[in-house]
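Shown next, in structure tokens, is the structure this report addresses.
Chain nomenclature is as follows: A, B, C and D, assigned in order of appearance, with residue numbering initiated at 1 for each chain independently.
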């Protein structure tokens, strides 16, 4: 009542950061793209990249924002000792050399990413860049890459505290910057030595865990850190489940900001071992916490239901929201004695976070995520008090006293039939400019190439906002029946009233 | 009986330290003041500071000891490359520049604090001081500040062990000392790398945790370290509850000493999400462990009950006690199966600690704090054996064989009516010299400007000693019915008897 | 069904690494041999080594691959200050000097290993090599050693993070390489500072724990790290049980690769305090995870049943498999409330891992290990879904849809009668070239000197493949009744069908 | 049966280390003496030292081995800037200067120890030696000290890993050695950064925990590390209970060896808050693990029962055993649900360890310690299998097949009457040479000044061997009814039989 505008504005501004990026000006929203590793490992080739790039265009994924086509490990064949130790491209895999590949990808309106390693060898035992940062940055710039994923294998012991690790990664960051070419710099040191503390000033994202595996919540000894102490993991391992990684970001959501992001690793959507609900949840979770969205499936054999997930612009719009603030976990309950799944787990959690207002209101939109890790569908509740706790605990946030439009972000998911039709349309039917739009298949999808998510949100594009399912009253509760290993994901929009109108700029 | 005086004196002297401060001679008792961050974040301006400073004087807070008016983050606008990289003040927020603000504050008899960060950027993404320590120390001295809060964001990886972090913070300490101006140096590195081990020789206080949140005991994943292993927290986080932070100081109470203090972060009293009992407890706990008392509420909208809490001179006198010894936790019981609160917690604890004798007796006064984390009011007991365990465990302390006057330090709390009257008195009715005393409102409050707490205690000022509620007999027990999420806080004074009189100096 | 060949090939290739070794080209499969420490400690002499070397030849152990005869600590007598600080051999123990011993061992077709320490002293308080790496590497090369075990005692504080420890160990690695003599370099730093992260580029193996003790699962406070947090052990200790060490390798199996191995410490087989089932399990576990197999018993008093275990070529062939991939733990269940043993433990676990195909099939062979830590024999199950999880979780691995030949690797274990006959044959009855084959005792044993394990596997040698016990059908389960504290160990071979034939190279 | 002598000898020799000390040749057995800190803190003076030294002689403590009289903190008064920054002795406390005190102490046949700190200040805020190591070592040598206790307060951030801390402590060690005076060097860095790993080559002992408190098992938050993870304590704290510290040494018993010892901190015997059984246990535990035995009580007011404990030569002989091997914990059971004490604890444990044979047998003597932490007296059992596990687990140790004489080391404890008579004899009745022997009081006590413990043990002195209480048969069990919070402590001596006679030297 006596609440002053200035007071509240400050409350929401506490951790807001201006539009300026911390680093090289790139990745003001989380990067989107595709990387071959999860599905194909070392089985790389020019054909794979070019064919996939074509499909990314033709399936409309490019226009949804998946811009970076990233070649992972295993592409090189040593160094040329007689030419300044320049890396040599494996011409069996890339017979025309790498620059030709880059050109092809650029010609499609896409961006090209490559991979190296801050160590003696890459994880696949190819030449690493440690000690050759300048040479390799120049090589990459000459190739014309737009993105570097920089791994952590065989790092020769240059790890063990933040100073040691940050120095090693900064060397390459400086070398990339020195080339003059804008190259998004993606750290892949698996969360070792707290990269969220030092990564933002040298890079655009940093991995927070060992490698993901196509699994919802199975414990694997090779990814040993789970539970409330998971933040303290000096053995990041690999074969980490979706929930394992998601639990790790809960501690550090505040570290995400425009220009530098917590990277939960590439998506497993469509890889085949999780079911549709799990992939929907996985994609929603990664989006809500502003992880880069890098597809990890083999696009050449994509299934309709997976294309449908990856194409949900309303969820992507959360990820690409111009505020660039991660959702945060509001609560997690472990109910391991009832309704446990085959891995002995049963936990439910609620996350929420700030989104830019799409109604030019005083109050931001908000994303709400209900995650059900129980073994059966579960009716879950999210109170406004809990959702808005960051604007004031114990119900003191002014938003709790308002009414909110609740929009289901999965309500308008593309049908499998439409997705199948897109997939079954002969490839290269479109072209680099018009993409799939050359046909009528998939018409009406969101096109971020022409209208950025920020602009689309401001323009109230219905493709980005899901469907209203209910209104929640002041001090109310959102209730949803959530699938086993699934999510409910909502966008909340303030319902303006006279008394709450913006009275000043 | 055969107890020798020399033996006991030694027992209490084990960790006593002389009056000399470890560092720059400042903060012989914990600093008191106000900082805008908790309530207002980046919403700073000249008007805010000057208006607040006026209110601090007019509400009598200055004369209670709240001397430092601290401008937190978001005040700068880059560096002047053509002028030795001097920091530029944001003239939209501070149109007359910062020196004018400092002058105004000084004219009120207050002291002025500012903020910077031992990193590339401040937490709000303004220019940090890392690499510019000398330039910035000179700038601050030129402005005329009396206090520097020095944060830890974007520290470029210069963290990971005590040597690395201490070197970074020492650089600024040396630069401040080199200016010749006495500037209280307040480390804000969130307890990273054990600042209690190295902070005392370079600074006057060090934060021991991530940022506080206006909450009693709710777990937030962003402040992950709780429980018996909470001392080992390399991810300090933020959104830490009052009890979370209080539990962390339990391990390191011995590190507080005149000139260098454990900083539990700024007060949340009056911020609105905790109830009166919780704020009373919060203020009592911070006082007892000798945390700096920096108000974090918006003084312009202070409520009477909160002014009443912040004005309790008898509690402040514990904080400002000339011995400068922190109370220590004597016991904590978690009874999580009964009477748990909405966050699933139910723990009770007792703390006690040395205070300077106010009766010139052989034996010091003592503060006793009973904290009730249960979900309902609880009758709690504190035995003399437990209270005085540091002078001899298992009841061997001579104090256990004595009788003690038990004084309730909250008994004489200012009424809401009086507090409301103070608040409702037109501001600037007083002046910088006479403050609120120019009116009759609030008359009879303690005035530390004219009589230091040390002097007031020696003079037996009734305003500092609470009210006697009972006498506890030898080997006796203090019993109190403590509010849900509240405290009982007592000062114990030895009841002199012939046999225990001081027989030598 | 629509599964593409290329997709699956990639799946198995994810972590495959080419034949090239990471380091000095040695130990492309884990080293095998004998070291005197476990059984004899400092009680070393020329006679011990020569007598043991003879027995290793005569008992057929050399031809099974146990090539390295390693002299551990306590062989030196200071440094010669007047001769470049060269180490002095203790001539009471080695009256002919060490080169003569090396020559004798080499004459038997064996290789010679010695011991030093990356510290001021060895663990037995003899001269350490810290600061004398070049001198000592030259000494060792002059002696003609083929193997250096390099310990970690008295390291003068050069430990505490990966950078510090790796630098200390790299110094000796460089010095060894500089001699020009191929010397297998075995790190013995007990897993301190994560040697699996940096050991591979400087050495051929690294210990992962404190010293082993001849015990199945008894907790010893001197080896304090057990359970799910055991990966985080800065106090490696000693007196570690077999299961303690085995649990530690579960986190880091991916670090084993040709040329550099996780070393679980020397074998306790035959040391006398475990029973036959426990030794069988111990030997199987070490083999499956590609630990070096260094016998630790006194060969001069070997018992028939222990010779039988150490001689199981079918199990050794798993260890020496040319793929060089460690098995991984698929599950572990602690059922501490039922059937606990005398140490209060009851856990069962299943491990599996890739082996090179012995049928030139598309699909690799696989090793399956069922470990029973219960107090009684237990019927255990391993599903194909769990066995092949790395090729696709949740049953998506194509191998799950196949049938597999299940071969018991312990079925053809040498009888005690045969082993006794070998032992009781007068030593030196054979000679260095023909070894035990000069007699008819033990005829038909595998001879890796003439046919490498790789060649023998490709040639389908029946001595390396165990006996078929059953066939498991698609989506089926392997069932075995496993001894108390014992294992079942199987080799799975794909049963080729027309549809699954390799259709391309 | 077929057990070979050489085999067993090796088994027991595994960790035996020759007589040579690792460092400066001092402390071949743990140092014994007295330090003023525990009882008197900063209340130090010449009179205190001289009076106490006299009493140490007159009460026969000197001749029991308590040789070092150690002046702890608070003796200095700054540095003399005009005299090479030499430390200045506080002449109020030490009017004749410190050399005179040293001379007096030396004249009594005692040795003199002093205190400094590897930091800016001592813990009591006096001048520390960091940066002044050479000056201060020279000062100490000039004074004529024989012992330096070197503390860890205010260490300016030079901590955080083994390399940093060891370098800081090595500097003083080198400076002490450079003086040419033999000075026992006692590290007091509270177990920070694993001093047991690096302390042995630079010093004679190292503290393993925070400061002791006069308490059996009460948890104090200021000493937060307890339980199975207590080895991993970066916050050593203070106010550690006897059982807290004892549990910490369990992990590192192997680090004790002649010349360098785990220091469990000074004794609390006689300080007044524990009962007799607890002090007996405390003294026994410290003795068994070869901690230095530094009395911490005020000798001037010693009580007879405490003198009796400190005078038990049979227990001291375990501590001073020439083998210098620590006992190790064989088992610990926590039975927290039954018979818990007032601190909620109930744990029983058994320790045993090697002692030099007092019967010139093949087999060493052995010490057995049964510690009862239950709330009531408890009948406890120790099997020979568990006692001798280090010589062979699971009953394979040859000692298990032997019979053993069980000698109760507390059976012959001095009576309170005798102790009272010693205390009540006018001081200075004896003299520096003859000590208390000048009277008949206390006659027949062991005199280590004339006969070292090593010689006394070899001579079968009945004063060192306790009394036989039983014989335990092969595979037998020792049974004892152990006091609440008490111990049973036995020396086992092999009962020689013809078949087990030593057949070779």
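The definition used in the following text is that a residue touches a chain if its C-beta (ideal position, glycine included) is under 8 Å from a C-beta of that chain, and two chains touch if they have at least 3 such contacts.
Here is each chain with its UniProt name: A, B, C, D = Alpha-galactosidase.
Since this is a predicted model, take the numbers as computed values, not measurements.
Distance between Cα centroids is largest for the pairing of subunit A (Alpha-galactosidase) with D. With angles rounded to a multiple of 5, the C-alpha fit of subunit C (Alpha-galactosidase) against subunit D (Alpha-galactosidase) returns 90 degrees of rotation.
Taking shared numbers over all numbers used, the subunit A (Alpha-galactosidase) to subunit B (Alpha-galactosidase) interface scores under half, which places it in the different class.
In terms of their C-alpha centroids, the spacing between subunit A (Alpha-galactosidase) and subunit C (Alpha-galactosidase) amounts to 42 Å. The geometric centre of subunit A (Alpha-galactosidase) is 59 Å away from that of subunit D (Alpha-galactosidase), both derived from CA atoms.
Residues of subunit D (Alpha-galactosidase) found to touch two or more other chains are 160-161, 164.
Contacts from subunit D (Alpha-galactosidase) toward subunit C (Alpha-galactosidase) in the complex involve residues 2, 4, 6-7, 9-11, 13-18, 20, 22, 160-167, 170, 193-194, 197-198, 200-201, 228-229, 231-232, 250-254, 328-329, 332, 390, 392-394, 396.
The touching residues of subunit C (Alpha-galactosidase), when paired with subunit D (Alpha-galactosidase) in their complex, are 37, 39-43, 120-121, 124-125, 154-161, 164, 213-215, 218, 221-222, 224, 229, 234-235, 237-239, 272-274, 298, 301.
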